[in-house]
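In the two complexes that follow, chain A is the common piece, with chain B as its partner first and chain C second.
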Partner chain A sequence: MRLSHISYENVRRRKTRSLLLILSIMIGVASSVFLFTTTRSMEKDVADKLDQFGSNILILPETGETLSFGGVTVGTSQGKELDMAMIPVMKTIQNKETLATISPKLLADADIQGKSALIVGVDFTQELRLKKWWKINGLEKGEVPAANEILLGSDVARILNLSPQQQVQIKGQDFRVRGIIQPTGSIENDQAIFMDLTTLQRAENKPTAISLIEAAAFCYTCPIEEVTRQLREKLPDAKVTALQLTLQSRDDTVQRFSLFAIVISVILLITSGFVVAMSMVSSVKERTRDIGVLRAIGFRKQHIIQMLFLEVSFVSLIGGLIGFALGMGLAMKFGPLIAQMTVQVPWQPMLALYSVGAALVVSLLASIYPAWSATKLDPVEALRYF
Partner chain B sequence: MSLIKVVNVSKTYQGGEGAVNALRNINLEVSEGQFLALLGPSGSGKSTLLSVLGALNPPTEGEVSIDEISIYGLDDERRADFRHEYVGFVFQQYQLIPYLTALENVMLPLAITKYSEKEQKNMAQNVLEKVGLGKKSNRLPNQLSGGEQNRVAIARAIVNEPAILFADEPTGSLDSKTAKEILELFQSLNKDGQTIIMVTHNLENLAYVSRSITIRDGSIDTKPGLRIGGVS
Partner chain C sequence: MTLTHIALQNLRRRTGKTVFLLLTFFLVVGTITTLNVLSLGMKEDLQKNLSQYGANVVISPRSEHLNLSYGGLSVSGVEYEVKKLNSKVLDTVLETLGSSVTIAPKVIGSVDVSAKRYMIIGLDFNQELKIKPWWKINGKIPQDNQVVIGSQLASNLNFQIGDMIDFGQGKYPVVGIMKETGGSEDNGVFTTIKTARVLTGINMEWSLIELNAQDSAKTVSQLAPVLSEANVTEVTQLVQGSKESVERFSSFSWSISLAMGLIGALVIIVTLAGNVNDRARELGVLRAIGFRQKHILSLLSREATIVSIGGSILGYFVGIFVPLLLGPLLVQNSIPFAPHLGLGTALVLGSLVVGLAAMIYPAWRTIKLDLQDALRFI
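For the complex of A and B:
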């Protein structure tokens, strides 16, 4: 017989107390795992949504300066331009699945009613997916302008005195104003006229030319810098830039979620630790006589500590494993439902190791005081010997 | 040569109503192979003396030597080692660990030795057979009678062959037939050379011992003429 056998038998034969202790550890671990995995998935969900909400990668040509859009110069005969052929190339990068939206643009200037205006040729489907925050008067949600329809920035509409359904002539063609974009706070959007990309390419006689590409990448699982690096490799003649401001704000939000998840999990584990500590204190009190007997027959203090720690370790291993399985199961089943998120909670086997490890560490820490007080027991007092 | 030597031992407890002198100036020598009974009324200090002799309870004054080792000169952990090597205890209420079987209870002192699991089992089983409980080794304490629990406690106390066996009122809660069996067992162990010190208040038990002393008010009673007083 070894000390571990005594501890094991104590756990096995004192079923009610052991079950209560396992239950308290299990609840602590299950709640922590549930909250941690759910909030981690919420984090991913938020990150994905933020990634969709606006572009985070800009692909530019080398060009001169005339009109600008988002700091990008409008193509001139002297400037370089990108080509539509780049778009399928972009979809061959290693992390291609992260590229959620690719919105090519052709910039041109036009004279309308005697005033110079910036025309932006866009793929309306991609552009409206990228600019989810646009509020457009005259265009219902889910509708997309046709090839002979345009969207006007609020400043342009005011300067040209145009409203939805009016006709306007641009580069010799008639267009119907399909909608007016409400002020966005961005000069580029408010002062631009958005036209179907193919229509503008034809009008400019540049059937495959584009001035820039705005892209949105889901980058929860890969750093955006890595995606931009892969794009640079595939597009050596273009300038691929990650929009740091967008990234920073995304990272801030995601980090807050991450911090929240960690804090909640730690609080739950500490609470669980207190329950273990209280339970162990009562266990030591309950076994005062037993400890007295062991001390009397020659057990050292270190043997008593070893036995109590082994006992807690058995219980923690069982509670930690069951707690992990329960928390993970609940998170996978109910997490998406409770958090109303679109992403699934993935099975994380490595988390089992951390859960059991954390349960073990917290339980052992919580047992230090009860174990220490057990060694302080006077065997004579413990046995009520005299 | 004396196995146990007690010189001027006193023990004082600080109680709610001031200091209580549990032992006063005790001087005693016990030879190897003796079966000594400590007699005396309740509260006389005999159990305190037993715990002091058993390296469990440091005296306030004086010195206790066993096998020429001054046991209270040892630190706490070394004194635990000393108890493990030299001392076996049979407690008043047997004090068996309730969640361990009879065999496991007997194996307890061996759990901190280098004996293999198999050796421990063999040793414990042999001792259980010696005390007449060979067939009940897998029973839990609550599945045994008082007398049987007492035998398990005795087996546990002697399994690692201690120099001295201390027993505190081992027959106190037993019927006369079972008490007789236990005392005969002690006598048999003593005949095999085991030194035994037993606390008792029952004069009938004196028939089994080789020597008795009476403790009264914390001192060894040396008055002549008392039925059970003095050193026999």
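For the complex of A and C:
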């Protein structure tokens, strides 16, 4: 019978005790793993959601510039046009998975009731996904205007005196006003008429032309500079720029989230370390009497400590492994549900190593002192321990 | 000698165990309180920070002509008269709003120099840079008769800092170049309001006034009635965007609090179950000398009450102070002290309920054991 045998039998004999000890290690490890993995994914989810809120990349023709600031236009020169063929090309960049929304637009002017107005041809599905802040009178969430329907900016509706469901003639075709976009504070959007892209291309007799592309890219894993660089390589004739306005506030917010997630992980790690340590201390203390018996029958201090360490390692190994499996499993299965996010929690096997390692280190550290002091007690004293 | 007395003496005799139990409650409640207070503080910080970001209210002239450009592109070269805001508008805005609102008025116009048209934007740089932190200027901020130019313009015309731009009426030194913003700024020439008025000939009026207000909706409702000749609108992209971010943060911290609560309850249950389990023998003795089940349960619940309330109150007090220490590391404005009484009450009551349940259930199972069995228990 070796020392390891005694340790193992000891764990088996005191089933409830060992079980409770394993349980407390398990809870500590599982909760740390669960919160760590879930918060990391939440961080990504938040970043992705922010990236989809408005565009962060703008693609314009290389030539041509408009002198306008905040919607106040002081001069123009017409640029070339882009082509629809660019969109499939955009999707061939190396980090193509980062392109979340691509919204091509064609601009045209039209005379309506004697006033010239700006018509923006858009792919409504993409555009409405990009402009999540638009409140549209007459259009329910999830609905998309049909090819013969238009959306009006609030100023257009006011100046032309139009209301939803009215018919308007634009470029010789009849359109129905599907909805009016409530004031957005952006003069460009408040003073434009939005029409289906293919309808406008047909009316303008430019079936593949587009004027500009607004796009939203996920930049959690791939920085925006990298995405724009790759796009520039593929689209040499166009001007690809990153919009700093949306980028900076996004970075700020995401940074805060990740800071918060780190704080939570650290605090939880410390707390669960304490809980595990406390359980260990009390369980070793309880064994004072046992240790006295062992000492009385002639075991050496060294043997006893070796035995206790074996026991502690065995328990924390099991607790750590089960805790990791439980935490990881719960995070993968229920994390997205609890956190209301669309991002899945990935399987991170490396964490198993850290979990078991941390559990072992904390438990061993916590049991050194009580084990040492118990072995130092006079066996007679130790036997009196109750 | 009442049961309470026995309970207290019991706790005193087994100091180590009692401290262990108290520590468990202390840690659980302390951690949850700290995290909650921290997340509240961080949420407010985020909200404040986002609301200071960008112009969230715009005052623009009400025109009967429609704008014909989009995203920096224009559909026709037709020029039309650009309407402007009356010079009194700024005075009215200043009168109506207090100093808590950042007001950035602008003069936007153009200068033609030998077939090249420059867009001149006159603004108050102090105000403007406060609300547009993404404007990065290489070089200096212009004084009167100096200009900063957009990156696109600089690279198109090959201008560098120190060069002079000829605007016909005179030459102006370029003291800075604005880094690419991706927006219409890239083609602009920026200068002070005074210089812009000289260059563009817009003497008294304003082209646009951008505001940054803590509460943009309130600002709009204050200004709209007094500025009947102008359009006062909230910039919904910014307002909705920051609202969404803050809501996300709230729900993030809320789900974490929930998870922490569950974990805390589990830790308490495991610890207390272990404690009662150890005392099976003692409970057997009590039964043997004639204590009724009822008495034993009541004795244990008194112990649980003392430990859980003691530990959790302690934890709560420490938990509301720790964020004050951690605050400066995490947020820009330190977290103000607040008692968070509701949170404290809920946590103390919660740990009482969990503590009682976790103590009573294993005890009840133990004392149901036959006396002989219980005494054999080691």
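Definition applied: the second predicted complex is superposed on the first by the 233 of 386 C-alpha atoms of A that agree within 3 Å, B and C clash if a C-alpha of one lies under 4 Å from a C-alpha of the other, contacts with A are read in each partner's own complex, and residues count from 1 in each chain.
Criterion: contacts are C-beta pairs under 8 Å (C-beta built on N, C-alpha and C of every residue); 3 or more make two chains touch, one makes a residue touch a chain.
Predicted model only: the values in this text are computed from it and were never measured.
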Exercise. Between chain B (first) and chain C (second), which, if any, makes contact with A:Asn161: first, second, both or neither?
Worked result: neither
For this session: Could you look at A:Asn205 and tell me whether it touches chain B, chain C, both or neither (first, second, both, neither)?
Result: neither
Exercise. For A:Leu60, is the partner it touches chain B (first), chain C (second), both, or none of the two (neither)?
Worked result: second
For this session: Quick one: classify A:His5 as touching chain B (first), chain C (second), both or neither.
Result: first
For this session: Specify the partner with more touching residues on chain A, choosing between chain B and chain C.
Result: C
Exercise. When the two structures are overlaid on chain A, which partner does A:Thr92 contact: first (chain B), second (chain C), both, or neither?
Worked result: neither
Exercise. Where does A:Phe299 make contact in the superposed view: on chain B (first), on chain C (second), on both, or on neither?
Worked result: first
Problem set entry | Which superposed partner A:Lys132 touches (first chain B, second chain C, both, neither) | second
Exercise. Following superposition on chain A, which residues of chain A contact chain B and also contact chain C?
Worked result: none
Problem set entry | chain A to chain C touching residues, read off their complex | 16-17, 20-21, 23-24, 27-28, 31, 34-35, 38-39, 42, 46, 49-50, 53-54, 58, 60-61, 64-79, 105, 107-109, 115-120, 131-135, 155-156, 159, 182-188, 190-192, 211-212, 214, 241-249, 252-253, 256-257, 259-260, 263-264, 267-268, 271, 274-275, 278-279, 281-282, 285-286, 338-340
Seminar exercise, completed: Per the touch rule, the chain A residues reaching chain B in their complex are 1-3, 5-6, 9-10, 12-14, 289-290, 292-303, 379-380, 383, 385-386
Exercise. Across the complex, what residues on chain B touch chain A?
Worked result: 22, 47-48, 51, 54, 56-57, 76-77, 80-85, 87-89, 91, 95, 97-100, 104, 107-112, 117, 120, 140, 156-157, 168
Exercise. Can you list the residues on chain C that touch chain A in the complex?
Worked result: 16-17, 20, 23-24, 27-28, 31, 34-35, 38-39, 42, 45-46, 49-50, 53-54, 56-58, 60, 64-79, 82, 106, 108-110, 117-119, 121, 133-134, 152, 180-188, 207-208, 210, 231, 233-242, 244-245, 248-249, 251-253, 255-256, 258-260, 263, 266-267, 270-271, 273-274, 277-278, 326, 330
